[in-house]
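So, here come the structures, one by one.
Note that chain A is present in both complexes that follow, paired respectively with chain B and with chain C.
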Partner chain A sequence: MTATTVVEPWTEAPLVRYVGQASARLVVVMTPAGQVLAQHGFPRAVDLMGVSALGAAIVASSGALAELVGERSFGALFHAGERHGIHLASCRTPRGPLVVLTVFGRETSIGLVEVFFEEFVAALQAAAPAAEARGPVLAGDFEAELGRSLATLFGR
Partner chain B sequence: MSLVNFTTREITCKIVYYGPGRSGKTTNLQYIYGQVPEDRRGRMVSLATQTDRTLFFDFLPLDLGSISGFTTRFQLYTVPGQVYYNATRRLVLQGADGVVFVADSQARQLEENIESLQNLHQNILEQGVDVRTLPMVLQFNKQDLPRDLILSPQELDDALNFRGLPTFAADALRGTGVFETLKAISAEVLRRLSEGASGRPG
Partner chain C sequence: MSIALAKALERLSRVRGVRGSMFVAADDGIVVSQELMEGVNGRALAAFAAALARKAGGAAGATGAGRVRFLQMDAAAGTLLVAAAPRDLLVVVLAERQVNVGLCRLEMLRAAEVGTR
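After this line comes the complex of A and B, so read on.
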């Protein structure tokens, strides 16, 4: 059983439905800066972060390219490989703009992914709460723990 | 902007290493990659030219472990330093929670350092962010070079550090100052979370 994990709970039901309908192997829902909001199929968070950084970079660079040639945007991107294809697209939600990367295999097709992606976006837009400010997150005395964590990382 | 998951108690922050070409931004990340145990880091992604100059960015995800009960992860990015890659620098800066400015200590590189720092401020302003509110530290790299070729940390501080930011002398190739720089920017970024800075997707 491959895990679906979400940072923001409102993304979970639309994501689970999309993964099932589109037969996607891996899906990442992220912000344009590459911060992951939800994912399906990645066993390690640090691996997922590399994929999301690259996905966000592709969307950002194609958006900048569109601007240079006088287009508002290029819409979705699709790359076909021998065993996997990827579909990469951005969408607007009340929570802010999001980027979705879908990796799929031969058990489905780009056509099916595109059809169910549109439903997925509609579901995200319906479920998304408005962005909100937040209060303090960490305790004021976090620095001693940070120092110990970094020292452990660097073997000191 | 830092991403905080209160349900699973996770924090993810984006830190960008900025500076002129060949100042040692990629070397910082390579040293960190080499020091951190495999189970606490992801694969280092480098989008570079055939001559190993950074074309788009380098990327290294780190798992810091638990801080104040939150699983804390950092995404470390570098930008391409060469002047003509400004469009990609702007893209990489989007959503940064903190910046490490890596200056080249060589005396003949002073102008490049100043131009790069001005370029950083310009790019931050264009994103609608007040430069004074963005956590930032300065690293004076290549302090291992012969004395007659480099400026001292005090001289570099006088030339570059008009905001009174934390500074660190470094030799990134051998790791001197790399850990201290990362620790300082991490503390600056997390301090904003402890002070209640707002965060949202984007």
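After this line comes the complex of A and C, so read on.
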């Protein structure tokens, strides 16, 4: 059984619903900095770390590209493969901006993922607490926070 | 090409009772071209019609019925029609229950031919 685990409990109900509706195989909900708030389907911490870092980097670079061509931001990014597709999009919530990366297989389609992603964003926006004021992120704090997140997500 | 698709949908939308028509990418469930009445969620319609076509195709394949060419789903509040078109496209129509399905089908098959050009 593939598990859904969350660092911030308010993300759990919307995520579980989204995974079921969209038939997603892997989902990670993270901040634009790559800090993971919730995940579904990742068996190993190392996979999740790699995917979240790459996903955050893609969103950041496409955002920079959007600015260069005079757009405020691009919508969702979609990559289609032979067996898997990837949907990568950011959204605004009271908790702050979030990035969601969804990996799906042939049992669903990008159209269905997009439809249910809209509902997922609405559910996240309704459930999210207000953002806390945060100080500058120090390297030591970041590492400790990352360690705590992975311990929560993978029970180590 | 996109103008031809739009014209084909315009013809379909003239059929009495049709609330929306669209070309949909069969594999992705994404709208290629659409003509919808206000209040019809095109993205959801495209995604669910493609999913329905895929499931029906799987069932037809498993029972040896061959390729599905036309689907009709009657629901309490309307009718959904899906026709296979070349280039992995689907012609999708959402209509009222009282729609003339024969006429709709004829126009859908004509629209599907546009996809071959």
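By definition in this document, the second predicted complex is superposed on the first by the 132 of 156 C-alpha atoms of A that agree within 3 Å, B and C clash if a C-alpha of one lies under 4 Å from a C-alpha of the other, contacts with A are read in each partner's own complex, and residues count from 1 in each chain.
As a convention for this text, contacts are C-beta pairs under 8 Å (C-beta built on N, C-alpha and C of every residue); 3 or more make two chains touch, one makes a residue touch a chain.
Since this is a predicted model, take the numbers as computed values, not measurements.
K.L.:
Which partner, chain B or chain C, touches the larger number of chain A residues?
P.N.:
Partner with more touched residues of chain A: B.
K.L.:
Would you sort A:147 into first (chain B), second (chain C), both or neither based on which partner it touches?
P.N.:
A:147 sits against chain B, while chain C stays out of touch.
K.L.:
Going by the contact rule set out at the top, does A:44 touch chain B (first), chain C (second), both, or neither?
P.N.:
Only chain B; A:44 stays clear of chain C.
K.L.:
With both complexes overlaid on chain A, does A:33 touch chain B (first), chain C (second), both or neither?
P.N.:
A:33 contacts chain B only, not chain C.
K.L.:
With both complexes overlaid on chain A, does A:71 touch chain B (first), chain C (second), both or neither?
P.N.:
In the superposition, A:71 contacts neither chain B nor chain C.
K.L.:
Report for A:110: first if it touches chain B alone, second if chain C alone, otherwise both or neither.
P.N.:
Touch partner of A:110: chain C, not chain B.
K.L.:
After the superposition on A, what does A:98 contact: first (chain B), second (chain C), both or neither?
P.N.:
first
K.L.:
Figure out whether A:80 sits in contact with chain B (first) or chain C (second), or with both, or with neither.
P.N.:
The second partner, chain C, only.
K.L.:
Quick one: which bits of chain A touch chain B in the complex? Just the residue numbers, please.
P.N.:
These residues of chain A touch chain B: 5, 7-9, 31-37, 44-47, 49-50, 53-54, 57, 60-61, 64, 95-98, 131-140, 142-143, 145-147, 149-150, 152-156.
K.L.:
Could you please specify the touching residues of chain A with respect to chain C in the complex?
P.N.:
Chain A residues touching chain C: 80, 108-112, 114-115, 118.
K.L.:
Taking the complex as given, what residues does chain C use to touch chain A?
P.N.:
Going by the criterion above, the answer is residues 24-25, 27-30, 43-44, 46-48, 50-51, 54.
K.L.:
If we count contacts the way the header does, which residues on chain B are in touch with chain A in the complex?
P.N.:
Touching chain A from chain B are residues 1-5, 7-8, 10-12, 14, 35-37, 40-43, 45, 47, 56-57, 59, 61-68, 70, 72-73, 75, 77, 87-88, 90-92, 94-96, 179, 182-183, 186-187, 190-191, 193-196, 198-202.
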